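Two complexes, one shared chain (chain A), two partners (chain B, chain C).
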Partner chain A sequence: MAVHYRKERLDRGIKARCEDIFALASHREMLYLLLPRVVPVIVLLSFPLLKGVVGLYWEKVVVITCAIALLSLSWDLMASVGLVSLGQALFFGAGSYITGSLNHAFGWPYFLTIPCGTVGGALFCALLLLPVLRLRGVYFAIVTLTLPLLLTRFIEASKILGGNEGLSSLSPLPNLWFELYVPVLALLVCLFAFRRLINDDYGLVLQGIRDNDLAVMSGAINIYQFKAQAVFIAGLAGSFAGAFMTHYYQFVGMPAFALDYSILPLTCAVLGGVGTFAGPTLGAFILVPLSEALRAFGTLRVVFYSAILIICIVGLPEGIFHYFQRKYHQFERKVEVG
Partner chain B sequence: MDSTDDQSALSVVDIKKSFGGLIAVDAVSLSVQKGELLGIIGPNGSGKTTLVNLITGFVRPDSGRVIFKGSDITGKMPYKIAELGISRTFQLVKPFYQLPAFKNLIIPLYSPRVKRLRGGKYGERDDVAIDLLEEVGFERDSYVPYKVASSLPHGYLKRLELARCLALRSELLILDELFSGMSMSEVASTMPIIERLHEEGLTIIMVEHRLRELFRVADRVIVLNYGRKIADGSVKEVMESEAVKAAYLGSEAEG
Partner chain C sequence: MMASSILIYGLVNSVILALIAIGFSLTFGISGVANFAYGGFYLLSGYLTWMLLKLLGLPFVLAVFITIVTVGFLGFLVYWVILLRVRGIVLSEVIATFALGVGMLEFFRWKGFVTYEFTLPYFKKGMVFIAGVPIDYQRLCIIGIGLALVLFLYVFTHHTRIGWSFRGIAQNERTAISLGIESDWTAALSLAFGCALSAVAAIAILPLGIISINMGYDVLLIAVAVGIVGGLESVLGILVASLILGYAQIITSMYLSAEWMMVVYLAAIVLVLIVKPSGLFGKFKELEERV
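Entry: the complex of A and B
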């Protein structure tokens, strides 16, 4: 008689995940909770130390990846309030241009221009989007898609801020360690700060606005104020990416408002898993290095890239992060029956 | 003007709203005294919910005024009106479905109004939320307050709506068909809550189709038909009014 097997599935996380005292019951359960958080942090922090092994090229890929990951985090935070954006480039560009022009015009050093670019860019974007915070869904998306394009043409036509040529030969970052570590640290701070924010009561209000803004309004809460705050906070992450990359490239120009910076963060978030913050970060760490690795294919690069993207999204519509999370929490094994 | 005297909590003066060609609310005036329980009834489509939306700012009136505690609140944003002390339930429940029931109340508890009245830090809010749910009949020691809203029966969701209003500690409560979709036993267990709130001196406006229950608690009743106020008086007066009978049952003259 043939032996039959059946799949048994155990949810091993249930005790540890119930946010109660059980989590501290044993070292094993603490480890279970800590591992998925600590391992990526350690890998990210030790990556710049492996410069000799992986080569400077891939170290620089990580810098760009972090910038895109920051943009996708900012996209995800806005999506958590129900503001679906197609214009993360607005944040990136605003941060870039403020940083670049402060350095170009006044010669301010990087440790002044980057903070100014971050806060200034976020403030600029929040004010710019203030009148359209009433819009929802696709209407808001269209406006955000248009704004970076509009600003590009405005800069081109008015020839301000370097016009077509942009501002070049800006002051460089102090050293390689700074270049490699600051984006990683910024990404980690942003990731954990956003997670904390969204799990707090404040985040509950933000998610409430996404799900049912009328009910939130009848709870005596000014939803526009909360939306504006969320855009500002998201703007900080996005503008920092722009501000940093400006000094990193020692150049700022119209490419800072390029469509890539709008579409790529969105793709990362969708691939990784919307609404988790860890998902979009994971998405960025898959898509950006993938895009670099496919350079060997020359012209066919985009074909392969798109094919992989489509396969992932069709295969795991919930997002890679959600899938891994489930597999981690659920323990599957085969059991003999009969 | 008697409608804005000291005793009236809310007065609505000649309010009008039309949607396209349809006149939903046609020059309705009403006033509610402090501590009064006012019932609003009327056949389907007579403008009851629109009237509630006009008072609470979800719809802007074409003309007319809404005066709350002596100040004009016409056309203010809904959150501003809620902040001033008018809260409402929705006829079609609007919970945050993927949140546990008690977490639904964190959102109103986070509002500036509640912070001012109650204070409260993280963690404390959870306790207040559970207390509020108990107040509207959620079994405290069961798992019901912790269940995800989407898994709760309709009657509980209706009472969750009520709890959200109570969370704001409003002075005027507008219940828009709270009993619709509730079972007889759910209505029976919710009635004492309304009666208690009324006894505590809260001003309440109840829009209701369940006339028997409403007539038991209402101090005064207003009847709407085709957007117009056709009767305003005690339960007895309203029940005997010819116009009301005609609106509900049809009159011979109308054929």
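Entry: the complex of A and C
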């Protein structure tokens, strides 16, 4: 007579009412909640200090990782409103072209161009997407897919903003510490701000629009206004990544609208877990260093992202972050099945 | 001379656009799956035909037949293996097909399918003069194939059982299911048909130039642009949109330069989205998609 077991999962006792309200009784339980939030922050903030140990190359990989993580955060915020974007490169490109052209044409310094590029890029994207916000689901995805590709063609044909060659020899960032710390700080601010935002009343409206926009409309809420605001906020994160990377590379050109900036943030978000913001960040910190390590494979890397995307979408739709979160917050034990 | 060449080459261009767009729109109209792998299948057909012709030395007709059937079957398989598992979740469907398409295209790029040797043969070499405008047989063939395909699709969807079930599912999925039409089979067949149509388009259009990877992305752009302008699920919309965009492009390239041809799509998409977001003829999903 074989004895069968099944796995039983129990929530830890500190969970009071729902996912994110806790009843804490001891320092140990506080530590238990703080640890997963504080440790990544400390690691990220101390990483630039270790540049003697890990080498400058991997420090720069972290800069790129932060940029991609910002893009995937902006993707995730839009997905929280039900707007599935296949063209995050639009934000990146808008931010970098505005920054680059301000610096190139007027010689503005980085501390003016980066904020202008961030706000201007977000505003440009929000205005460009304004007529499309009435569309849902596939239609919106289709339009966002085409916009960055067509904007490239537009710049190519009209030869504005440097045309095919782009704008080069832009002014560099002041020093290495600035280069290494600003993206990390921006990522942390953005991550925690978005998490706060989405759990606020404002964020509840956004999630409501995703789940049932007709119900939100019947609550006398103008959903297009909220969608436009969400696109603007998401655009701030994406355009900042573009604006910063422009000065970092001292170059802006066609590659700013490249498909990489659309598909990589998407892959990060799907791998990490949609809707949590921490998930996409985690995804970025897994995928981007991995893709740097696989640099020798050239364009095969994109094939590799695509494979990950398909596997995750079909086989692991919740993403790895949700999985880890569940494991962390629950006990598991074997129970005999009688 | 100028006017007649605009007329003739505009028509050729319009038929090319319609040929490219029709497979994408057929799949979307029936099953609601936006097949973003469309560009990938288009180029796959080109390379498959090339390999069958050059490496195996098959006769042209046989190679074409094998390509169309294989690509159609692959589309069927994609539905059954990938899309069936995420059916109804728009986000997942879109991401899965998009990833599949990008993966295929970048795989071809990695394999180095980018040199000048990758061209498909003309159906028939030579050219004629129509109203004083020189035009080669291949472009005439494209017009013929385009017209034949539209006619075939009309007859197919109006006079065969599979065609009826296609239209049934497209009009109202639940009612169609209650009448015994298999939703999944129909959707899989619609994907197979869409992919097979992309193969037909590839074999007809690719001989006009070299097969290049970026063409895969362009094809997707064209299919999407024509679909947005005309209304994604309406065949009439596709035809009208192809005519508008086709002539607009030719006129643009005559008076400005060829680089501006792709910009026409951007202008058209933005204009249509502002005026009528569901497309010129897209009545059918209007209520559902436009709140």
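Simple rule for what comes next: the second predicted complex is superposed on the first by the 286 of 338 C-alpha atoms of A that agree within 3 Å, B and C clash if a C-alpha of one lies under 4 Å from a C-alpha of the other, contacts with A are read in each partner's own complex, and residues count from 1 in each chain.
One rule holds in what follows: a contact is a pair of C-beta atoms (placed from the backbone, for glycine too) under 8 Å apart; a residue touches a chain by one contact, two chains touch by 3 or more.
Values in this document were obtained by computation on a predicted structure and should not be read as measured data.
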| item | value |
| --- | --- |
| Touching partner for A:Leu49 - first (chain B), second (chain C), both, neither | neither |
| Which partner reaches more residues of chain A (counting touched residues only), chain B or chain C | C |
| First (chain B), second (chain C), both or neither touched by A:Leu185 | neither |
| A:Leu214 touches, of chain B and chain C: first, second, both or neither? | both |
| Touched partner set for A:Tyr202, first chain B, second chain C, both or neither | first |
| Contacts of A:Met30 with chain B and chain C, given as first, second, both or neither | neither |
| Common interface positions of chain A, toward chain B and toward chain C | 214, 217, 223 |
| Contact set on chain A toward chain C in their complex | 79, 84, 86, 131-132, 134-139, 141-143, 145-147, 149-151, 153-154, 156-158, 213-214, 217, 223, 259, 263, 266-267, 270, 274, 297-300, 302-303, 305-307, 309-310, 313-314, 317 |
| Chain B to chain A touching residues, read off their complex | 56, 58, 77-80, 82-83, 87-88, 90, 94-99, 103, 106-114, 122, 125, 164, 167-168 |
| Chain B contact footprint on chain A (complex, rising order) | 200-202, 204-205, 207-208, 211-212, 214-223 |
| Touching residues (chain side chain C, partner chain A) in the complex | 28, 32, 34, 36, 82, 85-86, 89-96, 98-100, 102-103, 106-107, 109-110, 217, 220-221, 224-225, 227-228, 232, 257, 259-260, 262-263, 265-266, 269-270, 273-274, 277, 289-291 |
